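One chain, chain A, appears in both complexes that follow, with chain B as partner in the first and chain C in the second.
Up next is the complex of A and B:
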């Protein structure tokens, strides 16, 4: 069997803040095989972006991490600074949300795409880097003359494509996409999703796709993991999780999007009352119980663990 | 929204042209203001020329005609504009020399002193600010921030007096004032060393006084930039910390510092009026202080015009530099 590209065991991440420790991720375990894709979903503040940043050790100084991350067979937390820099972008690359400031405003798009190739010497010369960046632009559907454009001269969708081209610069085995379509309008969102799906078909790229939009994930991810309060509360094959959601939180998340053809859901999309708990002050027991429509007394005392809820499908709820 | 290079360069040159025209307009305004201002403060130039002395009325009338003061304001204004363009600012009351000659002879001393201080404070202050921000909340940050803050909040002439008393009067390491030793006939290297010896304390005073502004502006600007996603991207690309800082963080953080530097250079000519006075440095600042004491109005009028022109010029330079450094200005 293939060695997994990414293997995460009991990963816990605690931020250091003025008001005390903030446990953002509280024990996450998953494997990602070569060519597979995993969708991570959850509301803002559930720890999904922290998890993404931790996969390349991009967290701020002073953050406490425990557990293990094996990336392409290497223990991420045991790497030397030089070894870590060598792994970054060549093994795993990140696509951030492009509408924000993921591109340096005073450098041209082309220069930023060429930079990782030159740093990691995956090309022999500046000229080779130019040739490759033109190919990458073509692959993500951008005209070559936009290599000389500055980020502010590009639209949101074009910036997102630049970020994808940049992530592919050193042929990584793993692509981590952190809300890459969130700030785009629907048409552009669909184009970028189609591009990512196409890139996956063309190569053996493994993908971690992070979003709060469950419907997006069923399109690009083979497997889904739903996060709540720093833990995975449900995971399994995409369709199984989306259509047969077991955890009340997943059900609420899935129901928040109107179902096509169903008038009642369009007229009254069912949301979820309340806000996710702040990581610094989690409720006792199941962290979801204050918002859970099915909460029982026992939910207030014991935090449930992941249990089998179907074929390759697991959920962390006492009702499973 | 296809972007090609052409509209970009057109956008930039359009921006620069707009700024040049704006500067010329400001200069015209200053010219008019300078004329009006001195007509308001000085109702009787001949009277102040002979203050306290008994001068026959016929002589006064003769002088009024000679100075053109019996003409209408419009005629006077055009004469003023014409003479300004000929660099004729009149005769100094105090030295009886043409104001322009007095100004020109004071320029080198000021450019040397304030130029050295402006460059040193910009370079040291900016580097300090970068270190403080990049190592924020460490002892380095605290030392730089509080150290520069102390000098920034001190009046510069007071700091100069303290240094003067300490290093020149008590310790006797440096001369108490002037630009060269009195009666010195040194030339060549000896003259240069003598001048360096004299310029040290006033230059130190001004450097310390300007330093804090650069350090604090650079620090806060860099701290803003450090929260940006593109720095996380740069780090994720596998760049060394120092490359992330110098290639991605600092170029973006220095944009406001460029403006500050240019504005401070605009003040190079006006010099540090108080500090030059403290160290008897024979530059434009001291000339201004002396002219105010007079009051030597033609001298002040010439100086004000020169100072304003310098500030306008360097502001223009700041805008041009900004347009060159930041591709986004074409939108402005």
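Up next is the complex of A and C:
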């Protein structure tokens, strides 16, 4: 295995809110090797974006973090403000969830792509930034004339490409993409996924791809991590997790996306009753037990830890 | 053939924009018909027209349902009810669940047995016992329950046609299945028909009897779900299906660009500028020349299955 570009150990994140502490991420551990891709999935509120933002220390003031994040060999939480600035964009860059609607409306797409290069001085001059932004547009499949377009003149798919170009501006080793295709329709989603796959083939870019749509991940990610209530409850090679899901929650999530042509799901939609728990008020024991079809008495007492469930495949359930 | 509603060459234009451009299809009693297609293909405009919220520019929408036959289209048609994508936006935060569900009855001044009817609609939507939900407000229930309240608000009118625009797109994956199962259950229990609009072909596989594929204001392929999703014939349907992440068995045909602008519908076959089959050069010359000179026309609403394509025989 290559040296990990990212090594996360026991990461826990607790937000501060008016109604008390919100333990959004409760102990997450994983490594990401250079050039590898990890897909993160799970229901709304399970902590995906919190985890993603924490990887570049982009959390609101007052948030309590514990554990360790090594990014490209450096201890993230020990970095000085200057060191942190050097890590953001050049080591790791993020495409934020919902950013499609957050591009600056009064700046051209080209200017927004040039800005990080100039701020981080990865280019020597404005001219060099122009050359590089043109190359980036070509790389993400946008015609050069759209450098001068304003966000409202671009379609959703084109705006997503601009955001990806922006994230790639300083040539990061790690790209974190938080729900980059959720607002796009099927064909445009396929275009963006193909673009990301191509970027990864061309360079040794590592990728963290977040979505609630498990089926998308089997396409872009080598490995999957399924989160529930702030923890990874199952992880392993993508196909292994999608097709041989071990954790009852992963199984329910996978079944929610039927395979077209599979007779067992024809006229038989499959769901999961109940709602995800609130971070401040988790049920005792396995946090999934109130919704779990296989729950037993012992599930209500101790929270299960990740255990081996196959080749490089782990799950946190007493039945494993 | 009996139908709940029959669309005959329906056009809805907004100035130069031909959002719906000649749609003919029947919704049959007790069926779930899924209308699928890319963003901007005219799906929402079409069901708004069926609901009567959107005047048609040309063509006819004929309601033959028992409740709708006399009332005609428009808000007055209690036999046709609609549910929307975002349940949170659809519910008034200051009304109780009871008031929300009763609203349709009150607007129509059908106050007899109101409590009983509201209770029945809530139970039918899976919110049991209904009395527990009567005094609650939308913020006190979950996203999935909110969509159930929206469904109860439609079901209280005892419609025979339910229009649903992306009914689960804003819901979590795990809740999605529950709501879809509820829709199927309603069809089974009450004989309701559902016209559901979606991007999600998996949803169609889960609940639809028939699928209509829309491209740029027209239905380009129509037929039983198993056939449309199993052996699609129109090159657009094939491309669409090939990019569903779940269909690993097909070779991906990623179309270039986005759906063209409905203000500039291409001449002849409206799909020809993006058609992979035409671009492959494999079509016989006489077919290929028709693609760019002659409109294959809308699909036949009475055919068991149909594709608007010169290459499909």
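A few points about this structure:
Assume the second predicted complex is superposed on the first by the 311 of 320 C-alpha atoms of A that agree within 3 Å, B and C clash if a C-alpha of one lies under 4 Å from a C-alpha of the other, contacts with A are read in each partner's own complex, and residues count from 1 in each chain.
As a convention for this text, a contact is a pair of C-beta atoms (placed from the backbone, for glycine too) under 8 Å apart; a residue touches a chain by one contact, two chains touch by 3 or more.
Here the structure is a predicted model, which means the values were calculated and not measured.
On the shared subunit chain A, the superposed partners chain B and chain C are arranged side by side without overlap.
Contacts of A:21 after superposition on the shared chain: neither chain B nor chain C is touched. Using the contact criterion defined above for the overlaid structures, shared-chain residue A:293 touches neither chain B nor chain C, since it reaches no partner.
Look at A:212: by the touch rule set out above, it reaches chain C but stays clear of chain B. Contact with chain B, but none with chain C, is seen for A:96 once the two complexes are overlaid on the shared chain. Using the contact criterion defined above for the overlaid structures, shared-chain residue A:256 touches chain C, although it does not reach chain B. In the superposition on chain A, A:56 contacts chain B only, with no contact to chain C. Aligning the two complexes via chain A yields an angle of 80° at the C-alpha centre of chain A, spanning the centres of chain B and chain C, rounded to a multiple of 10. Once chain A of one complex is fitted onto chain A of the other, the partner contacts of A:120 are limited to chain B, with no touch recorded for chain C. Once the two complexes are overlaid on the shared chain, A:153 sits against chain B while remaining clear of chain C. With chain A fitted onto itself, chain B and chain C come no nearer than 7 Å, counting C-alpha atoms only.
When the two complexes are laid over each other on chain A, chain A has residues 155 in contact with both chain B and chain C. Across the complex, chain B is touched by residues 53, 56, 58, 85-90, 93-94, 96-97, 100-107, 115-116, 119-120, 143, 145-146, 148-150, 152-155, 158, 163, 166 of chain A.
Interface of chain B with chain A (complex): residues 1-5, 8, 228-230, 232-240, 243, 248, 251-252, 325-328, 331. Those residues of chain A whose C-beta lies close enough to touch chain C in the complex are 43-44, 155-157, 185-191, 193-194, 212-216, 218-219, 252-253, 255-261, 265-273, 275-276.
Those residues of chain C that touch chain A in the complex are listed here as 38-39, 142-144, 172-181, 184, 199, 201-202, 205-207, 225-226, 229-230, 239-241, 243-249, 252, 254-255, 258-259.
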